[in-house]
Structure formats: structure tokens, C-alpha cells
Amino acid sequence: MAHPDDAELWAGGTLALHAEHGVTVTIAVASHDPTRDAEATAGADILGAEIRSLPELTAETVADLMRHLRPEVVITHTTADAHPDHHNASRTVLAALPDVVINTGHPLRVYGCETYNGLTLDGTTQPQTIIDISDTYATKTQALHAHRSQPITDHFGPMAENLARLWGARIGTTYAEAFTPIPVLGRLPATHHL
Amino acid sequence: MAHPDDAELWAGGTLALHAEHGVTVTIAVASHDPTRDAEATAGADILGAEIRSLPELTAETVADLMRHLRPEVVITHTTADAHPDHHNASRTVLAALPDVVINTGHPLRVYGCETYNGLTLDGTTQPQTIIDISDTYATKTQALHAHRSQPITDHFGPMAENLARLWGARIGTTYAEAFTPIPVLGRLPATHHL
Amino acid sequence: MAHPDDAELWAGGTLALHAEHGVTVTIAVASHDPTRDAEATAGADILGAEIRSLPELTAETVADLMRHLRPEVVITHTTADAHPDHHNASRTVLAALPDVVINTGHPLRVYGCETYNGLTLDGTTQPQTIIDISDTYATKTQALHAHRSQPITDHFGPMAENLARLWGARIGTTYAEAFTPIPVLGRLPATHHL
Amino acid sequence: MAHPDDAELWAGGTLALHAEHGVTVTIAVASHDPTRDAEATAGADILGAEIRSLPELTAETVADLMRHLRPEVVITHTTADAHPDHHNASRTVLAALPDVVINTGHPLRVYGCETYNGLTLDGTTQPQTIIDISDTYATKTQALHAHRSQPITDHFGPMAENLARLWGARIGTTYAEAFTPIPVLGRLPATHHL
Amino acid sequence: MAHPDDAELWAGGTLALHAEHGVTVTIAVASHDPTRDAEATAGADILGAEIRSLPELTAETVADLMRHLRPEVVITHTTADAHPDHHNASRTVLAALPDVVINTGHPLRVYGCETYNGLTLDGTTQPQTIIDISDTYATKTQALHAHRSQPITDHFGPMAENLARLWGARIGTTYAEAFTPIPVLGRLPATHHL
Amino acid sequence: MAHPDDAELWAGGTLALHAEHGVTVTIAVASHDPTRDAEATAGADILGAEIRSLPELTAETVADLMRHLRPEVVITHTTADAHPDHHNASRTVLAALPDVVINTGHPLRVYGCETYNGLTLDGTTQPQTIIDISDTYATKTQALHAHRSQPITDHFGPMAENLARLWGARIGTTYAEAFTPIPVLGRLPATHHL
């Protein structure tokens, strides 16, 4: 992720949901300053995740981490994200992927997460993978507020609520988060039943 | 489905897979002639499904059947399908849906199935829901060949194999079938984990 | 519009805004039953609009009305709308347009309005024309609740609020409604300044 | 084609070009009134084509004509065309196709032609098949002006010139016309060399 | 803008129109050589704009300029532009935006301008914001011809005329220019009335 | 091309077909190691092509080669390719193009080739230019197997066969390869007849 609060903003409910089901969740983010790094750790704690602070977000540091962790799933930004830092983080993960996948078989699946108000440079986010986070929405909100130096109450909080309600409405629930599968060497995630 | 062999062609592996897992599978198709109706019944038997032969495919007959069966999932063609019979069958199901959904809460999810060589009038099929049918591919093929009056060996058999191999490659398996979720009163299927 | 409450649901804030600025607003809808027709009239009153109840929604009745009213702008559903009644209403207006436009020069502009949760059969609604309705959102909500026979509180009210907040966030305001321009004999609306 | 001047407007240069190379060109159009039918014949003469006036444009009349002519190529409107008559003509040809193709092997290729100012209901026309008509542009213009009852000088003439120049610029020539391949039982036209 | 004549080519009529209405128009472009820089100044003069020649086009120089000017609107290329210099200029502006917007609240709106013959790497330009430049087309043409070292008469002049006539036809006027809104921290431009 | 076996994988049948028709075919690829470079030469020999091993793939080395060879057609990857090396190679060719095209008039046409299983970051490959390679499929396969250090039998061979069969089915033949035209200074390839 590009910024210390991106994990909470775009995927916090989903990470908390997976953590609750016993999945090991690790959040990798570029180190910023001591204040924001501490906020990232606090937020990750609330989600039930471990933070990995990378000195720099490069294809090498990301590849090293993936080789070490061998994750089943990686969540990053999409290349169509309108925020340049998100775009660059996505490109960095994509650059690290092929070698790691060929050598370790991991990750099995990669997803790009939602962006500001469901908008990318190419238009609106196409909803493909929508996760019901009604059960972990309170946890997501709490983790988001751990980023005290950021304008959560005025800016990111209401945006996150709007989006969670929109995606929730699209699957007939209260709150949800949305993801887009990213092909890995030409492979997409399978669905197990309709 | 518009034609007696459509269920086998586009969704046979998926139907067999669900039937094997104990799901009740019903195939609704417009009655054609005694030969083709008998082939449809034979094909459905092989897939583990029950056939429902509708005298005519109208919004009313489809709505009546859905009200009676209360299916969790409905599979039909997509409105972008280049074959006009497929297009019309899809429009008929869409016309039947709103009232039935509002009154019975069913179906919960609706999918459009693949079309000829992954092509629609608007371009190529966008892969959103891809089901691994490697375990039921032999059953699908056997059911397809029950349609003896049709050019299966020369025409539909190779096409079905090509497509199953393509979609299989996209999820890293041998054979697969692909579906596109169709919004039902603004709701899409949820995904339960990444 | 296809249903008596469609005007309020998808365009109520925008209609009220135009009415407040002195624009004559007429809502044309197929007559349903006395209860719903009365609700439609009550809703239109609140928005500052006049209701035109058509005995049937056909290309002829719609063309006659447009020839009579010579509207500057027409708002209808989009052809990609997942609800079949909305799709049909849109096709009906499109069928009525060419002759009326060639003979009267009206309407000048035609827009398709938002659909359930921003979803069409082809994916998500692409936001092109987003109107700030923060000032008339209360009026929209009040008009929506005039449809007492409908599940407004449980179903349509929360959906309308979600959508209004989403589109609002996309233009940096509280509430908004979204529209897509529909080409009229190959002409789209012009923008007057950036 | 839906209207007597559609062939000239959207495909006149291409038809003349094929006629010049010895290809038999037949224009099928619904009979309108004696004036417009005579104009259609005059226009077709100039293009080097034969006119087939169908009493009505139905799947049956179109299928009969295709069974009789066994054309290599069929040009019609696209289903995304914003003009409802064009949309309906396209749907009629699509409805006639499958049986004729299965029984006669013809047509081999089907194309949808350009629409008003390159705009469809889904957005702009995607240029896939662009034909240089610089050599037959004068013929196209002359044939278009054979439709004396129509607003050619004021309306359709300048539009046709604009479009021909736009498509010409896209292939580095003076004038061109654009077409979109329509899949026929899942088959698209092949390209013979790059 | 990437090249000294880009402002005139893609947005000259729109810039002149805004200048005529009293809007302050500044054109920022990377310094090339004395000849082309002088042409850029001459072109800007004709449009009623001021030129800002940046020694280099980097996120820093662009951010500094935006912090200083606090523009209401920024026009740049789109990231889908097929010309790599245009693509890079667009990426540079996008990289400069977030910090400046967060700190100064400006620019309020960002647009990508048209590209060669309405074509991007992803297909044709989708027309969202089309400005009637019939009144300033002569000014645009005159400013374009100030770039004497460039192949205006043979190459860019006819292309600009073709495009202006195409976009003009799409809004029912003689000449126009087209733009695509680019989301700024998830916000798009609002429309004030239909 | 980014990797020594990319030419065979994505375009081998098409290159062999053109070579058979007397077209001079040159494959430019970044030098890897002696083993893979030798495999690339062996593969090119089988296809009837000459290999040009570039010490590095930069805009300069690519531009120099194009200035020297003045090719009619250039085939590269697409910018939407999910493999970052393919994306970068495509960007490099795009960066080299404008100057070379303006100065030499070559290449006349540029195509992006297919990617893993027909999938890009933006969804599925849109089929625009499909070449029948049934006559040279054996040659393609043989050339592919010249890359002995690569997992051809297990991985790339079956993928290439799947894709060739899919694209073949889409044009009614056995095997095919697919390409997307890339605009060159706003120009796309023309089609000579329908």
C-alpha cells in the first residue's frame, strides 16, 4: 500500500474479516515518519493484522517480502487509480510479481482495491469482487480513526462510509468493500460455486 | 435456455458440478420437437438435472416456473449475446424477474452464460465468474453428445472444448466455464473471501 | 418514466432544483391505479412539477406529448437499465424522438437517469452529468415519501440516500444525482465553459 | 438498410469501390413512397448497385433475400445505433442470420456501418474496419444528392463530409468510411496480412 | 502541455473563448529552443493567454506553478494519449496534483484534452465535455499558424479543422473542442443544470 | 519484444506466414544470456526471420534500429499487457516511434500482440486483427520448442495451443493469432475491402 492509512480505507473490513477467520494478515507499507508509522501499527493491531514497514517501496523490497511470506492473496492498488502514489505502488507490485510467482508459486491471487469514490482514470470501478463487511465495519472504522494525524472525521471517514454503503447496497447488505482481480501470469481467481 | 442443447454447451460442467454436490438442478427450455425434447431429457439426465419443457418461453411461463421452484440461482443467456434467440431468451427472463424477486425473494443470484467463442455483439466476454469444471468435463461432453440430431462432433463439440480449455487456462486448471453476473434489482452476488 | 415513483427516485432533486429556478417541469408517466396515480400527483406537487398521466406509454402517446410541450430537455431511463420496464420506457422515448425532433426542433437535450445502485446490464453507470442537489434533497425525500403504498422507508429511501451521497462525494458536495446524455440525431449537449 | 438514403450516407463510397472492382452490390431497403423509392434507385445506379425494394423489412423477407442472393458480405446498421429505425433494422438482420448461415453458408461476413457523427448509445464508434474511399468520394456525394426530397445540402451532406474526413484522417488519407464487424455464429472476419 | 503548439492544437478555441470572457489564461509548456519558444509566445498572445515557459516539465516545477497561480481549471493531456510525450506530461501533472490540491484547494477541475484524430491507445475519445468554439475558431487557427516552424498547413491545420468540425457536429454547431474530466482526489466537475 | 521467446509465443505463426510470402522479418529482442540468445536465433531461423539482439531495450536502441530497417510493420506488446516487462517494452517502442515516423515515414503500421490467455489489466483482449495461421502453426510450434531452457511443454506450449485454437474458432479456421492496431500519430491501418 502507498500510504499508512490505505489498508484501513480501502480494505480494512475485509482484512479484519479474514483475520477473524484465522487468516494471517500482513500489511506492507512504505515507512513515512514516526507518527504515521505508529498510527499504521495501531490501525493494523485493531484489524488483527501485522504491519511490515518497508524502508522504500521498490520491486526488490516487495519481491523479498513476498518470497519470505509466500502469501496466498495480495491486495494492492489498481494501475487505473487516479492517485499517482497508488498507481506507482500498483506498478511496483506488478513488477515484483512474475519472478516471485514463477519461483515460489505465490501469491495465488492478486486484487486491486477500490479507489476514491469508485472512480479511476478510465471511469468508474467495475464491481467484480464485493465482500460483505457488515460484521467488521465497526472494526474498520475504529482502525481508520487510529490515524489521528489524518483528516479522518472530515474527509476519509465520510468517504469510507459512503463507499461501504454503496457497495453494501450492491450485494443487498449494509456495508461492503470492492476489489478487482488482477491477472497473474494470465490467471484469474476461480469461483467455486454460483 | 433458448435451445435444447444450450444448457450442456454453455453450463453443462457447472450444472453437473452443482448436481454432484447435492444441489437441485432444473433446466427450463422451450419445447421444440419430440426428437430434440428427448435429447434434452437425455442430456439433463446425464448432468443430474431435471428438465422442464415450457410450451413457450414467455415472461409469464418463466415467472410461473420461478414462483414455483424458488431457485437460489438462475442461469440464462446475456442480452449482449450475438444469437438473437439467446438475446430474446435473456430479455424474457429479465422481464419475468422483478415481480418474482419482489414477491418471493428468489432467485438470489442471476448469471448470464458464455456465448459463441467468447464473443458478444459488444466484443469479448469479460471473465468475472469462472468455474473449474475439470472434474465434470467428461460428463458435460457425454451430455452434449446426447443431442444426436445436432452437429456436435463437427461443430459444437470442438467449440465447447476450445472454450473450456481457454477458461481453464485463465484460472490455472484444465477446463472451465464462464459466467457474468446480471444485476437483480441492483444487486450483484457477494464474494465470501478473497 | 416507467413507474409513478421513478421521477422522485432518480431525478427528484434535479427536477425540484429546476422548478425552483422557474423552469416548467412536467412528469409523464403511465397511469397505474388510482392509489399510485394520486401518489404520483402528490409527489409531483412537492417537487413543483405537473404530472401528465398517459393511458399507455407508447411511441405515439410520448410523441404527441412532446409535440405539444416542446420541452427543452427530456429525462428518461437508459437502454442499459437492468429493469425491463425502464428499458422499455427508454426504447419508447427513443422511438418517438426522431420525428418530433425533425419536425419541431425539440427536445434539445435528452438524458438517461441513474438506475438501481449505479448498476446497468453493462456494468456501472459512467458519471458524465452530475447535479448538486444538496439544496433540494429534503424536497426529493419528502416527495419520495408521498408514495405511501411503496416500500420507501425500508427499500427505496435508503437506496436513494446512498446514491445521492455517492454522487455528491464525486463532485465534492453532500448530495447529487447523475445523468447520462443520450445522443439525439447524433448530437450531444454542449458544455459552456470548463 | 432502414431508410432509402442510408446506403449512400454510411457506405456509399465503399459500395462504389466494390462495384468498381467488379463485385455485385445489392442494396436492400424497405419500400417507402414512390418518390423516395425512385431516389433510392437513382442513388443505387450512381453507386453501380442494384436496388431491392422489400415491401416490409422483416426477418422473413431479409432471410428470403439472403437465401436467394447468397451474399459474401452483408452490411447493416449496428444494434447500438441511436436511431431506433437503424436499431430495428439491425435486429431484423440479426434475427434472419443464423438459419440462413447454417443452411447456405452465406453471408461469410457481416458489418455494422457508422452512425450519426460516430456516436452510438454506448458512446463513440470504435474504429475497426476503415475503408479508404478517396477514389469514390465524388460518386458517393453524387449518389447522396440523388435523394432530392431529403435535406442533403443542409444536413446530411455536411455530416457525411465531416465523417469521411475524420475517418480519412485516421488512416492517413482524405476520405474514408468505417465499419464494425458483427460476429456471425461466433465468427469474425479474418485479416490476411498485417 | 508537452509541445509548444499543443495548447493551440487541442484547446486553442476554448482558451480564447475563456480569455474573451475575462478569464485569466496561462499556458505552461516546457521550454524547447528560442524559435519554438517565440512561436509559443506569439500563439499565446493571439489566444489572449500568458505563456509560462518551464525549464523542465517535472512534478516539482508543475506543482510550484500551480501553488503560485492557484488556477480554477487545469487542462492537460490524458494518460491514454498515444503520443508518449503527451502521456508523460499527463503523468507529471497527475503526480503534482494531490499535494497542491490538499494544501491550496486548487485547481478545482482538471481536464484532459483531445488527442490525434480522437484516438487514444484504448480506442476512441469518449465525448464528455464539448465546447462550442465557432466564435473563436478563427483565433485558434491564427494562433496555430504562429508556429511557423511546424507543418501546420500540411499536417496539423487540416487535422485540427477535421476534429473541430467533427466535435461541432456532435453538439449541432460548426466547430468545437472536446475534453475529458480527470478525477481530482475522487472528485469530478459538477453540472449546474441539464 | 521483451523476452527471447515472445516472438514465437504471440506472433510466431504470423511471422512465418509473412516470411513464406517473401516479406523480410526481423525480430528485435533484448540480449539475455548466451543460452537464451542462441535459442532466440534458432527460433528465428525456423520462422524464416533474422534476429537482432539489442544490448538493451531503450527508446534510442529501438529508434536506431527502426531508422536503419525502415519496417513497414512493427509488432510489439500492448501497454495494457499484465506482464510488466511486456508493458515496458511497449512503452519503449511507443517512445521511439514519433520521431522515427516523422523523419522516415516508417513504420506504416504498428500492432500490439496477444498476451497471456487473452487477458490484459483492463480485461479481455478485443479481437480486431486475427490472422489465420493454420498453414504455419507447425512451424510456430517447432520454433517455440527451440527455447529448450524454457517450460514450453508444460506451460507455454499448451497456452499457445489454447489461444491459437480460440482465435482460430473466431474466424472459422483451426489456428490463428490476434493483434490490436496501435495508433501511430493518430493513424490506424486501413482495410482494403470488406
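Letters A, B, C, D, E and F mark the chains as written, and numbering starts fresh at 1 in each.
The criterion applied here is as follows: contacts are C-beta pairs under 8 Å (C-beta built on N, C-alpha and C of every residue); 3 or more make two chains touch, one makes a residue touch a chain.
For clarity, every value in this text was computed on a predicted model and none was experimentally measured.
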For chain B and chain D, chains touching each: C, F
Partner chains shared by chain D and chain E (touch criterion as defined above): C, F
Chain whose mean Cα position lies farthest from chain B: E
Proportion of interface numbers common to chain E and chain F (over half same, under half different): different
Per Cα centroids, the chain farthest from chain C: F
Distance from chain F to chain C - Cα centre to Cα centre, in angstrom: 50
Gap in Å, rounded to a whole number, between the CA centres of chain C and chain A: 37
Sites on chain E at which at least two other chains make contact: 117, 119, 122, 127, 159, 169-170, 183, 186-188
Contacting chain pairs - touch in the sense defined above: A-B, A-C, A-E, A-F, B-C, B-D, B-F, C-D, C-E, D-E, D-F, E-F
In the complex with chain B, residue positions of chain D that touch it: 79-80, 91, 94-95, 97-98, 122, 182-188
Residues of chain A defined as touching chain C within the complex: 117-119, 123-127, 158-159, 162-163, 165-166, 169-170
Parts of chain C lying in touch with chain B, wherever the complex brings them together: 82-85, 87, 115-117, 119-122, 159
Touching residues on chain A, where the partner in the complex is chain B: 14, 17-18, 21, 23, 73, 75, 109, 111, 127-132, 169-173, 176, 179, 183, 186-194
